[in-house]
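The structures considered in this document are given below.
Each of the two complexes below includes subunit A, the first together with subunit B, the second together with subunit C.
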Partner chain A sequence: MDKFLDSLKGRPVDASIDYLVSLLKRRQIQGSESCALATAHILLQVVARDKWSDVNQLLERVQTVGRKLVAASPRELTIGNVVRRILGLIRDEAQEDRNDANNDGSSDVLPEPPHSAPLKLDSPPGKPIRPTMASALGSLTRTQSMFNILADPDVAPSFLLDGTPAASSGASTPLAHGLATNASALRSEVLDGIEEIMDEIKQVDDQLCGYSDIVIHPGDYVLVHKPSRTVQRFLTRSKRRFTVLVVTDPATVTAEDPYAILRKSLAANGSTLINVMNTGLMAYMTRVNKVILSARAITATGGITVDAGAAAVARAARASGRTVIVLGGVYKLSPDTQANQDLATEWGDPSRYVNFSDGAMVNNVRVKNAVSEYVPAELIDTYITNLGAHSRDHLHSIITDHYKDAEVSLDLYGKIRK
Partner chain B sequence: MSEQPNGAPAEGQGAPAPAPQTPQQQPSEKNAAPAKDKPAEKSGEKKLTGAELKAKAKADKAARRAQVKDRKEVSKAEAAVSSSPQQLGPAASEVKGKKGKDGAAAGQGGRPLLPKTVPSAVITEQKVQIPECFSHLSMAKRIPMTQADKDVHPSVLALGQQMATFSIDESIARLKATLLAFKRVIQSYTTPPGHTLARHFTPHVLNPQIEYLTACRPMCFSMGNAIRWLKLQVSKIDMDASEEDAKRDLCLAIDTFVAERITVADEVITEAGSKLIRDGEVILTYGRSSIVERTILLAQAAGTKFSVFVVDDPYERQGQQLAKVLSAEGIQVSYCGDFGGLTNHMRRTTKVLVSAEAMFSNGSLYARAGTCDVALAANELHKQVVVLCETINITERVSTDSLTYNEIDPERGQAGAFRLLFDTTPDKYLQLLVTELGTVQPRSAPDLLRKLEEFN
Partner chain C sequence: MSSGKGGKGKKPAKAAGGGAEDKREDVLQAVVIADSFQTRFTPFSSEKPRCLLPLANTPLIEYTLEFLAMNGVQEVYIYAATHQEQIESYIRQSRWTTLSRSCPFSSLEFIRVSDARSIGDFLRDLDSRSIIEGDFVLVHGDLVANVPLDGALAAHRARREANRDSIMTLVLREGGEGEHQSKVNAITPVFAVDPRAKRCLHFEEMHPLQADQHLILDPDLLKERELEIRSDLIDAQIDICTPDVLAQWSESFDYELPRAQFLHGVLKDYELNGKMIHTEIVHEGYSARATNLQMFEAISRDVLGGWAYPFAPDTNLVKGYTYQRWDDNVFREDDVLFGTDCDLADVVVGRDTRIGDETTIRNSFIGRNCRIGSNVQIRDSFIWDDATIEDGAVVEHSIIAEFANIGKNSTVARGSLIASGVHVGDNITLAPSTILSLISAEGTSVPTDTSLLGPQGKGAMFKDPDWEELDEDDPYRLQKSLIYSLDGYDLEDSDVSTLASEDEFEDSDDEQFLSAASKEDRSRMNSFASDDSTRGSSTFHYEATHGILEVLRGESGGDFGSEKLEFMSLRLANNASDEAVRRAIATAFVRRAVELANIENGGFDANKAAKTTLTQRAGAKEFITEVGVGGGSVPEQIEFAIAVQKACVSNARVLEVPRAGTLCAALFQHMYDEEILEEEGILGWWGDNRSSEGDSMAGVRERCQVLVTWLEEAEEEDSDEEESEDDE
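Presenting the complex of A and B:
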């Protein structure tokens, strides 16, 4: 990741894109946060260094790059999320500019409504709201109809769009006139916006931590599955005394404790950590109070993609009536859905458990190893994002706050999924 | 029990044994101390039933006491461990009482199977480090042969080591090996003058063997069942029968028991199980179990065309062995090392085949940890879960969760690395129970028990 960021400066944009695509394909950059940041960085380069004279050209360009990146790692939904966010950002900035230009007399733009504030309601106190987003809401003229809220996200509601150009073409006409002059102003505004998105992604962990004391009670037994950095920080931030059961990664069994640092910082609060070396967690569920999972991505229907093995944990927790809590920044919340669960599982390196030198296994047996898998929404109780704790039904409104319809219906996947 | 007065002085002797240790005890070990003393006293009463044993005990005591000093820390911890619920039938309660003593006397256990992974300084503390919430569960431990009770028969000694190292692992294999070892014990037994076999054998010869085996690894339910049966047989021996006859009868009874309850039972079960596999099916199994393996091979031999999906426990990886054996026979095998994508696998599966370590009389299944998760995933997609189980594995006990009866992996018994070996699957996730007495609903397990009682 660092190497990639270093290489950005020296290369032409196209070379960097290809480099990132190959890194993503080889899974040398993986994990939702890295993928999201890498995407933001490369699009920053695209906006800053590519030659473009009007918005449509830029939108087109960003979409093409976005498709390439998504195709390189189609199950990292965050890549698509960031691409969509940036597209939305560009459209907003462009529309603002146009509003300014056309303010005197032209009637095709509806008057700007006062800032609606669903975003503010969710935000934790003291958390700065991205100004671009707030203004995006303001300039977004579409009212939230009941139909919109209830609409099945599986069906792209492209016919609903009023004012915004329909669907994926991106070659929209209303934005076209008289924008070339503002290109440089627009460029700097978009760049600021992308920087803000990157900051948002980086701050997620800190913001999530604020909820740990609400979730964790004294004396709890909390089960976590291969805790990501987010979850580890979430646990250490709690001032309570509790017990953490950590489901470890069986492939990396070593003599030393894989979570020694986490154990140490938990011990400072009097909490204990137990490394559980079982794949099946049903045996422990009578003991466990709640399960905390970190999402790789959260889909619009509330299902999440997680590291392989976590689905079994979630299922066990649900079967025993334990609470399943999902952590993940808003940037992981995707307007996409994983309608087909089978496709949502990513298969990878079979040598994790089976040695390639083992001829009998390699020749005759079909070895499968999942890298990530999908947890259906029914198994999850609560989602905690940097904006707060949400129920499944509330995810829709967060999505509408963060993505414009044009982006939601944008098909970044092309033929990959079909 | 007429020897009781004779026993008294010996008990008096026994008492000082723990005494010299106490001054050396660290203040931090206070809590453990009472736990250790209690079982020691109990065992003192128990073993005093034989007068000549007392003499032997005297001779041994001096030597043992010296040893005890060295390993008191360990034994204390062991005593704490052995206070956990034992996996014996209630009828074997005397064994239970004695087990505490064994923990104290057999000493120096708890050496992890992978000593290189754990620094030697940790070994003595290891037991104490079992996380508190799981401290009621028992754990296998390696007892050096030199520290075993002197009464332990060599064949049992060897068996104990095999069990402690898990080279004999499956419930039914352990049962068979135990019975055969006990047969040797019976063959090499001579009744001391003035005693009868029926009265003397069980408390003085059989029980030390059982204690030792239990100390090496907690007994499985089938062993508890069989030992109860064996004790019954010993007690039924006619007082007037000659020793030769009695021994021959006992050996014959063991042979019949092994043949009926294990050998033939396995044949019947594999036969019935293989008939459940139909053409075109995809059978999912978890880990490796010899009876599942034989069932699948039998179905293949019968000409059924089907494929197998082996899901494995990544910490044991025995499923790879199974996958190799099956694929060598020409069966199409897929293998997955962990529970990643379990739902995906399950969707392509038609039937789940697992074997039981034991069945509780409420119909829940006690099996390799993770079985419950597999059954749960199968249940979600409405796939049939079939359990293969010999009736000797059915216990009259009841368990509703996995933490009532369980065993801790001796290599992973600390907070740094913790692992349970078994879990309990509620009967609602199971559809069929295949036993040698017929294929029934798991809930009917107690009916099978009743049937068995009628037979005997």
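Presenting the complex of A and C:
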């Protein structure tokens, strides 16, 4: 990851993109946070260094790059999320600039509020603002989604096919005209926006930690599965005294305790850490108050992709009626739904469980090792993002807050043919 | 934004600056040998180079280059001989060409060697180009690996820093003791390794057909504190080399095979040259070479089974590939059409392929744009692009190449290889292990054998002429077919398993090794040379040189009388030419002189070294005169002088050119003194054009100027002159 960031400076943008694609393919960059940050970095380069003269061109370019990245690692939903966020950001900025132009010329049919007016008053009721963007962009306005679709024909090819070319071309002409002059202003605005997104991604852990005292009560028994850095920080931030049960795979058990650091920092608070084999999971479940899982990605329906093994934990918790809490930044929340659960599973290198030297096993047994797997929504009780705790039904409104309709309907996973 | 961004921009820039410095220090170079000089993939390789054959629908070289890119290699040199244009044009169109912005390498060059006949020729050519500046990775174009090399590279560099003579690190993968599909069948590499220093002490290849199923070690090896003899290693021939390796190749101009000859030879010559080779045995990751069809199949299965992760079909290494993984381990690209009630499991299917109704496919690889009819049964097979399998056909454990056509209700039995373009008519049943091709081994098209393939058929049985020439006990015979089998070979059970006997080796308290005299050791070299078809001169040279060297060193206790007998019989047995004889003798004597001149052995000066070499052992003079020079006529003397000069030149790697020249002059001087060479001989040599060919030859020759001048000026010996010669 660091190597990748270093290499960004010296190379042409296209080379960097291809480099990132191969890093993703080789899984040398993996994990949702790294993927999301890498995507943001590369798109930052695209916006900053590519030549583009109007928004449509830029949007198309970002989409092309986005599709490549998504294809390289289709199971990392966060890549698609960041691409969509940035597309939405560009559209917003363009919209804003266009509003300027429109206000000056006052020729547009659409009623537009003055851009300098306070945001909340102008927003139509029922259309919530985008919380993180709001701070960044000041005078952001949302317009009807239909307008977006028509204004940017390249974004949603399906709409174009519906037979509205005349309308879209009509709409895009003034857009392009208005932006030619503002391209550099737009560029810097968008770059700021991307920096914001990156900051948001980096701050997620800290923000999540803020909720740890609300979630964890004194004397709780909290069960975690292969705690990610996020979960570890979440646990150590809590000032309460509680017990953590860590579920581990037999395959990963080594002489030294992999969670020694976590154990130490928990001990500083008077909490204890107990390693539990995943085979004995059910026996401990009666004792457990809540299960905390860290999501790799959260789909629109509320299902999550997690490190392999967590689905069994979630099922066990459901069977015993324990609370399952999922941690994950908003950037992990994807407007996509995983239609096929099998496709959400990434199969990795079986040699973690069976030594490759074991010829008899390699020759005759098909060993499958899942790296990530899918936990259906009904096994999960609460989602905690950097914005707070949400129920499953509430996820949808977060998605509409963060993604524009055009992006939600955007198919980044389509056939990639170049 | 400016302040935030400025601060940000600074830091990575600094880091990048540091990175650039490192880069200049060690740009990691890699050499890919894209030609194997073997014919184990015939009939497929007669049209397409091995490295472009589709393994899990991806050309093999993609894996190799990806492996290099993964490990941060920056400069790649590709050596290819046969089908070079194909490889070049493939690379030019792929993302690896340096013209493409996505190429991870800073340079990728093809090197043509017009008359290369072996891998050795490639590496000697590479040496003469002096484009290799530092450590480089030597791999073959059929490598599939995901082993991270960082550790091995770091260890190699540390060793090289500590001792300039550690020239090479072999990256080996543990393969376990049992049978393993990804181990090379038939030929078992045996490594003797010092587990602490990781130094490789001995290397040998064993195969079930060889007569004597044991390994002979130099008794000196057993003086080491610890010694592991391992035959469980998967050797994918990933070598991290210093440029010195190339020098070794150049020095031994008869080496052809990187393992059986080069590795074995360098390890054997450890006492002579002091070059050390280390091993890095990795326990994780995947590495294997598709050296033959059996390995090709095994690696395909490993890729399908996820062992080579992240190299799975759905990694889509090549741009434009769109494999996705579906249920039952089926990888398929876009636009694949399945009929109703198809039953697929563990299958890779390429784009635009159509599969008919009620077809069953198991454990197979189907290329792009294939047509597979209804009610077809395909098991354990490889169907390459654009092939057609018509309704009701059955394909079992076979390879069907591009554009081949299997007619209705035909059966392709186990082990069959169907080359591209072959048509098998309807209702034909092929016998197991049938090999069909449109062209013969010589590259001419063959008339269709309609009795075999039916009226619509195209193609005929493929016969490999080399096949007939092979020795009965050549392991190559075992590697030829798709299915490994020892049936039909007369073997004792205990012989087959080299692994079972491995324990014996370690337990047998050295008796076996010690009892085996070093003479026998030399005769064992036969098993190596037979690996390639060019047995003969190289074997002779090697054995003869070593025989003489042992006498010169006084190791074997023999004298030149018996050595002469042995030498002559060796010569007759190998039908060696006079030239080869001269070369062997000259090489042996020069090596001994070099050995003596080296610091470890007392650091004699050139004159003394030459004198000791020629006079220390009784009979040396006679031996050279009779065997080396021959009848003693002037032309023969000239020939021998040239051979000595050449031997000195090849040793110029160990010494420097001037020192080698001095040594050469001293040798001539003493040969003159001993009346081996006459004045006419030396002067004739001086006048011969061949003595001044090339820089180093001329450099060595230059040093003999004084000697020649002296010979020209004075007929009688002059002790003053001789002393001035010494000073020189």
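Heads up, the rule we're going with is that the second predicted complex is superposed on the first by the 338 of 418 C-alpha atoms of A that agree within 3 Å, B and C clash if a C-alpha of one lies under 4 Å from a C-alpha of the other, contacts with A are read in each partner's own complex, and residues count from 1 in each chain.
Convention: a contact is a pair of C-beta atoms (placed from the backbone, for glycine too) under 8 Å apart; a residue touches a chain by one contact, two chains touch by 3 or more.
All of these numbers come straight from a predicted model, not from anything done at the bench.
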item: Clash or fit, subunit B versus subunit C on superposed subunit A; value: fit
item: Which superposed partner A:Arg187 touches (first subunit B, second subunit C, both, neither); value: neither
item: Touched partner set for A:Leu5, first subunit B, second subunit C, both or neither; value: second
item: Partner chain in contact with A:Asn369 - subunit B first, subunit C second, else both or neither; value: both
item: Subunit B versus subunit C as contact partner of A:His217, first or second or both or neither; value: neither
item: First, second, both or neither for A:Ala319, with subunit B first and subunit C second; value: first
item: Which of subunit B and subunit C A:Arg392 touches, first, second, both or neither; value: neither
item: Partner chain in contact with A:Arg241 - subunit B first, subunit C second, else both or neither; value: neither
item: Lowest C-alpha to C-alpha distance for subunit C against subunit B (Å); value: 8
item: Footprint overlap on subunit A, where subunit B in one structure and subunit C in the other make contact; value: 342, 347, 358, 360, 366-369
item: Parts of subunit A lying in touch with subunit C, wherever the complex brings them together; value: 2, 5-10, 12, 14-15, 17-19, 21-22, 25-28, 71-72, 74, 188, 191-192, 195, 342-343, 347-351, 355-360, 362-363, 366-369, 415-418
item: Residues of subunit A that touch subunit B when the two form their complex; value: 221, 243, 248, 250-251, 253, 255, 257, 263, 272-284, 286-287, 308-309, 311-312, 315-316, 319, 341-342, 345, 347, 352-354, 358, 360-361, 364-371, 373
item: Residues of subunit C that touch subunit A when the two form their complex; value: 1, 4-5, 9, 12-13, 15-16, 19-20, 66, 69-70, 95, 101-102, 104, 173-183, 232, 283-284, 286, 302, 305-307, 309-310, 312, 315-317, 319-320, 322, 324-327, 329, 334, 346
item: Residues of subunit B touching subunit A in the complex; value: 116-118, 131, 133, 310, 312-315, 317, 320, 323-324, 327-328, 332-345, 347, 369-374, 376-377, 380, 401-403, 406, 409, 412, 415-420, 422-425
